[in-house]
Amino acid sequence: MAWSREEIAARAAKELKKGFYVNLGIGIPTLVANYLNEDSAITLQSENGMLGMGPFPRREEVDPDIVNAGKQTVTELPTSSYFSSADSFAMIRGGHIDASILGAMEVAANGDIANWTVPGKMAKGIGGAMDLVAGVKKVIVVMEHTTKAGKSKILKRCTLPLTGAAVVELVITDLGVFECDKKNRQFNLIELAPGVSLEEVHEKTEAPLHTEGFVQ
Amino acid sequence: MAWSREEIAARAAKELKKGFYVNLGIGIPTLVANYLNEDSAITLQSENGMLGMGPFPRREEVDPDIVNAGKQTVTELPTSSYFSSADSFAMIRGGHIDASILGAMEVAANGDIANWTVPGKMAKGIGGAMDLVAGVKKVIVVMEHTTKAGKSKILKRCTLPLTGAAVVELVITDLGVFECDKKNRQFNLIELAPGVSLEEVHEKTEAPLHTEGFVQ
Amino acid sequence: MSKIFASPELALKDVLSDGMTIMSGGFGLVGNPESLIPEIKKAGIKDLTVISNNCGAEGFGLWMLLEARQIRKMIASYIGDNKLFEALYLSGEIEVELNPQGTLAERIRAGGAGIPAFYTRTGVGTIVAEGKHTEIFDGVEYVRERWLKADLAIIKGWKADPAGNVVFRKTARNFNPNMGAAATVTVVEVEEIVDAGDLDPDCIHLPGIFVDRIVKSTLNEKRIERLTISE
Amino acid sequence: MSKIFASPELALKDVLSDGMTIMSGGFGLVGNPESLIPEIKKAGIKDLTVISNNCGAEGFGLWMLLEARQIRKMIASYIGDNKLFEALYLSGEIEVELNPQGTLAERIRAGGAGIPAFYTRTGVGTIVAEGKHTEIFDGVEYVRERWLKADLAIIKGWKADPAGNVVFRKTARNFNPNMGAAATVTVVEVEEIVDAGDLDPDCIHLPGIFVDRIVKSTLNEKRIERLTISE
């Protein structure tokens, strides 16, 4: 059984070290928050200008002036702080965020990532993704391993317009965990999801995939 | 009788329009504050991070955390605000201050100003003067017309290292008020201090001085 | 000499003209100048360049100016979830310049801070860097971005005092203070106008020097785009 | 995991080394890290590059590190009124790089904001611009300045919470928050350590992400350099 979206998020949460400051993207990345406990002392940053983001509010707690970067209502914590957009991205661009977990359409062995637009379709926008991948210390991608049509999203080279060049460190998909080995232009298999075979992951991965010596 | 330091400051105060935001330098410029009344609605900025600076404190009001850019103790007003050095100079550099009144060692007809160092002597520092002359909308210099040795400080060209190039608009000295006419590389006489003759001002001014048609 | 105006309409009087560039605060509908935007619609000025993170949402915010065909060019970071925008774009009726959100924020900050250009890693190796000057500092490549300024900024604050000092509320701060510093004329609508001395001088987000006009908001709907509740 | 340290000495343990670059907050003696500087003196580290607006005053602040000959190079805006500095400079024992105060502040801000270089009008046509890249934007000449970063920032706040959120007091804010964001390790001394929830989230000058270590000040002399009284 490959990992579910929830299991991908749970696996991604394990990459976050105690005390990390983390920015979570929209989609599967948002689910990662469910797998952080108080002991982990993880602080979530939201690029619209908030550090120390709490969970979604109970109905009576809803405050229209407290939203995350996905425009969802959230709550504040006793140690939250708010700041301007310029200050927020100074924090991101300046390398102060330890990790960003983002979705992607494509990731390449050289660390390239594409997640913002598809030629021929109208771009919805860039948002904060380009700033995050360029500025955050460790970029972790969580996504389905293949498109709905079955095409590998882990590629030798990205085909879509890039969000960032040579920025991704780790990719976590329904099939497993893959490290971007930029020097050797390949992905190194770190972990397989339970019930996924080496054959399956090789078959579904277009990028060069190093699995030699991998023990399940 | 030429103007005293106090009279120079009083004359400079007349250049400040209602509602202006103003930065005052050290020395004669500091005295200008004594000639601003409440009606003038002038707000003083201090480049160390304060907008809305009040008068010097009474003894019992002294707060060591409230100083001006000359490190003198000052007071806050009900509408004061404090900000970081970066934000303070963003305000200055961004052209938001209407006028700066500064002292100078030399001013030239092309608007150049020198007020920070003398070759051969150790420089005390640059401070905020270069930022002020480069960023503020109107730069007004107040100073003695000549050095103690009697040498003109209003020159064709500055001889000392510059603080800013082509930045000064108006010079107010003990002898009168002089406008920098950058295009014609001359000073235009705007006003003579009482009892000062055209001859005296011509004699003490090294720079080309336009006085034609001037009526006392 | 007072900066306080009696109504949003009066606060925008004599500062609106065709072809002008307007910055409009807010992230999505959070921190939007809700009361000022309808007055720009009423004024009927056209051919506008609007700088804002988004372009409103169906029926709300800057969407109104789209509907009235007042915007010629939009400089934004995200214009999705807005069918009208898409239609106008595809029909060539509106021009769009997409910016990374952080680059947009810093360009606006630079406009207010007197910095005509700066370098950033953001967008290097992407179409955002195409046609722009790039340079290597300490072995890393950066792209140069230019400042953004505007003729007018319309922003939304929480409280303002008569000197124009403004405080924003929670994530409604976002682009508002940066835009307030980057425009020739800044008009602020606030939920509350307080007396001199009611704001803490240590906690002013936008000092009065940047604020030309203040008006009390007449609309404070604060529509929520994605109400998300925990069970 | 706690950021709170028991003493200034412990707060600087394991982060000091010869040859390092240190940013030290304050404008003159206002907002100086009074309790941390003596610990750097005690540690005896040498060959330091120190970035600070000034270099202390006779007997106080960074003057202590001058006296102990620990500073190799000073990056500052104003070093007057300091006879020891002058003597060391004239004897070639210390190197100095003078910056316009606003350029110094913005270079530090850029260091924290990931901006390796920016353009400013300040210093154009003066010796400050000599040897630097200049460029004309929209018909006006600007000079390019580089960011400043440090291995360590020592700063002085008013209050901090356990997450490292810091609030500064009045003009003691000055360079402190900018430096706090521009260093690999930031150590903050504060007059008061408060509980989580005691600070207003809308009024945090330096968010905890920038702060590695917090310690309660043991010295709060706040010496006044120019006591000026109105009659």
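A, B, C and D label the chains in the order they appear, each numbered from 1.
What we mean here is this: a residue touches a chain if its C-beta (ideal position, glycine included) is under 8 Å from a C-beta of that chain, and two chains touch if they have at least 3 such contacts.
The structure presented is a predicted model; accordingly, all values stated were derived computationally and were not measured.
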Inset, instruction - Please state, in steps, how far chain D lies from chain B along the shortest route of touching chains. - result: 1
Legend entry - Of A-C and A-D, pair with higher C-beta contact tally: A-C
Legend entry - Centre-to-centre distance between chain C and chain B (centres being mean Cα positions), rounded to whole Å: 35
Legend entry - Cα-centroid distance, chain A relative to chain C, in whole angstrom: 28
Legend entry - Between chain B and chain A, distance of the C-alpha-averaged centres to the nearest whole Å: 55
Legend entry - Numbers and ranges of chain A residues touching at least 2 other chains: 76, 82-83, 89-90, 92-93, 135
Inset, instruction - Hunt down the residues of chain D that sit against at least two other chains at once, touch-wise. - result: 106, 109, 113-115, 120-121, 168-170, 173, 201-202, 205
Legend entry - Chain pairs that touch, as defined at the top of this document: A-C, A-D, B-C, B-D, C-D
Inset, instruction - State the interface residues of chain D toward chain A in the complex, per the touch definition above. - result: 1, 109, 111-115, 161-163, 165, 181, 196-197, 199, 201-202, 204, 207-210
Legend entry - Interfacial residue positions of chain B with respect to chain D in the complex: 46-50, 55-59, 62-67, 70-74, 76, 82-86, 88-90, 92-93, 112, 122-131, 134-135, 161-166
Inset, instruction - Provide the residue numbers of chain B that touch chain C in the complex, in ascending order. - result: 18-19, 21, 41, 43, 45, 51-52, 76, 78-83, 89-97, 135
Inset, instruction - Over in the complex, which chain C residues touch chain D? Could you list them? - result: 106, 110, 113-121, 135, 137-138, 140, 142, 146, 167-170, 173, 200-203, 205
Inset, instruction - Note which residues of chain C are touching chain A in the complex, please. - result: 27-31, 53-54, 76-81, 86, 89-90, 98-106, 108-109, 120-128, 168-178, 205, 222-230
